[in-house]
Amino acid sequence: MNVNSQPDIRSEAIAVDVDRVSKIFGGEPPVTALDDVSVAIRQNEFFTLLGPSGCGKTTLLRLIAGFEPPTSGSLRLGGRDISRLPPNKRPINTVFQNYALFPHMSVAANIAFGLQMLGKPKAEVRDTVDEMLKLVQMEALKNRRTSEISGGQQQRVALARALAPHPEVLLLDEPLSALDYKLRKEMQIELKRLQGETGITFIFVTHDQEEALTMSDRIAVMNAGKILQVGPPREIYNRPVNRFVADFIGETNFLTGTAQGDAVRISSGHMIAVPLDGRTGDVTLTVRPEQVRLCPVDQDGALHAEISDLVYFGTDTHCHLALKDGTQIVARLQSLPTGEVGYMRGQAVGLRFEPGAVQVVGA
Amino acid sequence: MATVKPKPAAKTERSTWLLTAPALVLLTVAATGPLFIMLIYSFLEPGQYGNVVWKFSTKAWFNVILQRDIFDGTLTWADAHLTILWRSVKLAMTTTVFAVLVGFPTAWFIATRTPRMRLFMLFLITIPFWTNLLIRTFAINQIIRNEGVLNSFLLWIGVIDAPIQIIYSDFAVFLGMTYVYLPLMVLPLYAAIDRFDMRLLEAAYDLYANRWQALRRVVLPIVKPGLIAGSILVFIPALGAYVTPRILGGGRNMMIGNFIDLQFGQGRNWPLGAALSVILLIFVTSMLILYVRFVNRSTDNG
Amino acid sequence: MADRAFQVARLPGFNTIAIMVFVMLYLPIGLLVLFSFNAGPSVAIWEGFSLQWYPKAWGNEQVRDATIRSLIIASSAALISTTLATMAALGTTRRKRSPGQTMIYVMINQPLMVPEIVTAVALLIFFASIKVATGYQGLGYLIAAHSAFCIPFAYLPIRARLEGMDLTLETAAADLYATPWQTFRHVTLPLLMPGIIAGMMLAFITSLDDVVISLFVKSAGQETLPTYMLGQIRRNITVEVNAISTLLLGLTVIMLTVFFLLTRKQD
């Protein structure tokens, strides 16, 4: 499924290898949470599992952590099969969605817990805890109870606790979802910094596509228990493999048409040149709103459209256009200093697409 | 390709049984099991000095409501037994009704205080609930007995010139049972009223209901589950009461609990005592089953 | 009165009744405590303050024996029932419902549902045969019976605490390399402790207060404090009983206060 053809600059060593894993939850009726999933997560990378709720991303994370056994398939960590290891035997730690900090222990005791369970000597535990407290800038609050600190601070403690035993892989289950917008932005940067400093493989679960695009080295887009596409953020955004990925990541326009030679005749009758890779028959095209340009009606090769609505968004304005047959297209125009864009509703305009912007996403 | 089987359900099931086994064994030996032995005893013949003779007989069950004349062998209703059974039901019912009448306003009052005050008042209600029933009954005894606080006070101020006989009457038993079981009514009622959304009451007033109509048409139907829970919680121990009628009712105003006791003491009729216990048990169990049915039905609808 | 705002939650007469209930609930107990400090031998006529009934009660050998016996029974019953109830609570919460569970639940709560007198009589019948068969007449019967009926009292707060506990905490412990036993020892048990202590206190109070079952189960001469008091009330009222009652009351109030503080902390 990985359509990434460029060689990656990072090390190609595999940290976690998910090999044809399925997970079926028993019950009436049984639920297939993961359906024959395979993915290789490289050492040192910030890998994101992205998808709508119920797509199986958290289940995959729990399988890697060892909280659930796979129904079939295997999981390897650095080449070693870990499918049968209980969670306390896997060098993998988790930052839980609700943090799961032990309420009866102090901040420092929470961070020390994993090290103590591993039977590390007292001095080493103390040093590592101090190091971790420094890493997440929580030295001042080390003796507080976890119930006495703010949400953002709890988040930092949860991170420190999971990082303290120096796991090979850190799993993060929507760790930022409980934070408010500003704090979330801060923590996104913080997480990237920590990943760089520690050199640990991060597997991050989120349903927020913007978060995924900003933070990840590679993203796996999931839906209905399957991985649809794996690749770096730019590739996922600009070369979606199917309609679901195109629609889930960012905003986009869809056009339907029929392949005719090297071009597609869309439903309004216009011809659009796209690389078809040998496809024939009915196809769906996608084009991002920021790749749609307005031009004079009589310009060569322009599609004819009428502006049906203009919606102001601050930095830009969404221009809703209707083609002859009623097909709707949204163009994103930069707002002028006056707040206008120089067009008005009902105006007849021409439109064209930036070269290479139109993609085929299936039939 | 490794395949890990999901944790078999049987394993968790087994740990359930292993962990609960010690408790279940003790409960079987020292609580539930003896109830079945008691059932067997109710079908035996009484021994001359208590205990039983191991010989099958339905006489005990027969004697619960009927008696055979010693001289001519005619069958008549066992009036004494029936009086005691009827008194038990009657007293338990009056206690329950009265507990509702005073318990509902009390629970309402607590539920409409400030949160701090509410907690304190609940604590005040809980203390008597956990306080020795014997001590509480004893406290009532000291007030209403002939040489008790009430009579001494009335004599002293000259309202009466001879003590009024309150103790050793059905009324004294009723008074004592209401006193000791009232917290059992207030607590579930409070829980129900606490959940009640006061905006519904505002809506009722907004739609022209007066206080009584709002209470009857809006509040009572919604807090009904609490009302029924409270009534069950009061009625059941009141019906099987032993200490309160013994201390406040005296020898003549027995309830079924004291009557059962009598069969194992002076009465020396263990099978009859066992049969009466089984009857009480069946009665209480059927009430609980009806109650559980009611709860399930009302939660299904809700 | 006309300018008073309309109070939605106010219902006529309710406040009066409620306040009277509170007064009536505490007046008898208050008088009982008051007369335990009476200088005279009456529990109805006040003759001045004195502490004489407390040493007098303690000087009574029967009272002392009964007190010690009651404390031994209550402590043993609290310990046994809480241990068994903790195990049972761990075995019945936070797992899938199975048909067996309802049965277990009914069994555990059975002592709350059966009238005391019925259990008492059944135990009398059962233990009478055992006493004859084995010749053993000791405190074991009372401790077994008390432990059994204390189980639901210990079980309920422990179960409530367990159900309120966040399952991910134990998952987190496992993630941080704790073995199942370490998880139980360092996470589950400390978090469960307030529930266990609360359960133990309820069990202790329940055992200490029991009259009916003790009355029927005890062998000759095995008076507990409540059965001794019941005997005294039948004969003639002495201020000594007031003094004992006051001490028992004090103990209950202290334990309940601790119980309240323990269970309140969890939310």
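Side notes on the structure shown:
Should a chain be cited, it is by its letter among A, B and C, assigned in written order, with residues numbered from 1 in that chain.
Keep in mind that, in the parts below, contacts are C-beta pairs under 8 Å (C-beta built on N, C-alpha and C of every residue); 3 or more make two chains touch, one makes a residue touch a chain.
Note that this is a predicted model, so its numbers are computed, not measured.
Centrality annotation: C (chain centre taken as mean Cα position, compared with the mean over all protein Cα atoms). The chain with its C-alpha centre at the largest distance from the centre of subunit B is A. Centres computed as Cα averages put subunit A at a distance of 56 Å from subunit C. For the pair subunit A and subunit B, the distance between mean C-alpha positions equals 62 Å. Taking each chain's centre as the mean of its C-alpha atoms, subunit B lies 17 Å from subunit C. Those residues of subunit B whose C-beta lies close enough to touch subunit C in the complex are 9, 12-13, 15-20, 22-24, 26-35, 37-38, 41, 51, 102-103, 105-106, 108-110, 112, 119, 121, 123-128, 130-136, 138-143, 145, 147-149, 151-152, 179, 182-183, 186, 198, 201-202, 205, 211, 215, 236-237, 239-240, 242-243, 246-247, 257, 260-261, 264, 270, 273-274, 277, 280-281, 284-285, 288.
Across the interface of their complex, subunit A is touched by residues 166, 168-169, 171-179, 182, 186-187, 190-191 of subunit C. Subunit C contributes residues 6, 8-15, 17-22, 24-29, 31-32, 35, 42-45, 80, 83-85, 87-88, 90-92, 95-96, 98, 100-101, 104, 107-108, 110-111, 113-128, 144-145, 147-149, 151, 155, 202, 205, 208-209, 211-212, 216, 226, 229-230, 233, 237, 241-242, 245, 248-249, 252-253, 256, 260, 264 to its touches with subunit B in the complex. Of all residues in subunit A, those touching subunit C in their complex are 65-67, 86-89, 92-94, 96, 98, 100-104, 113-114, 117-118, 161-162, 165.
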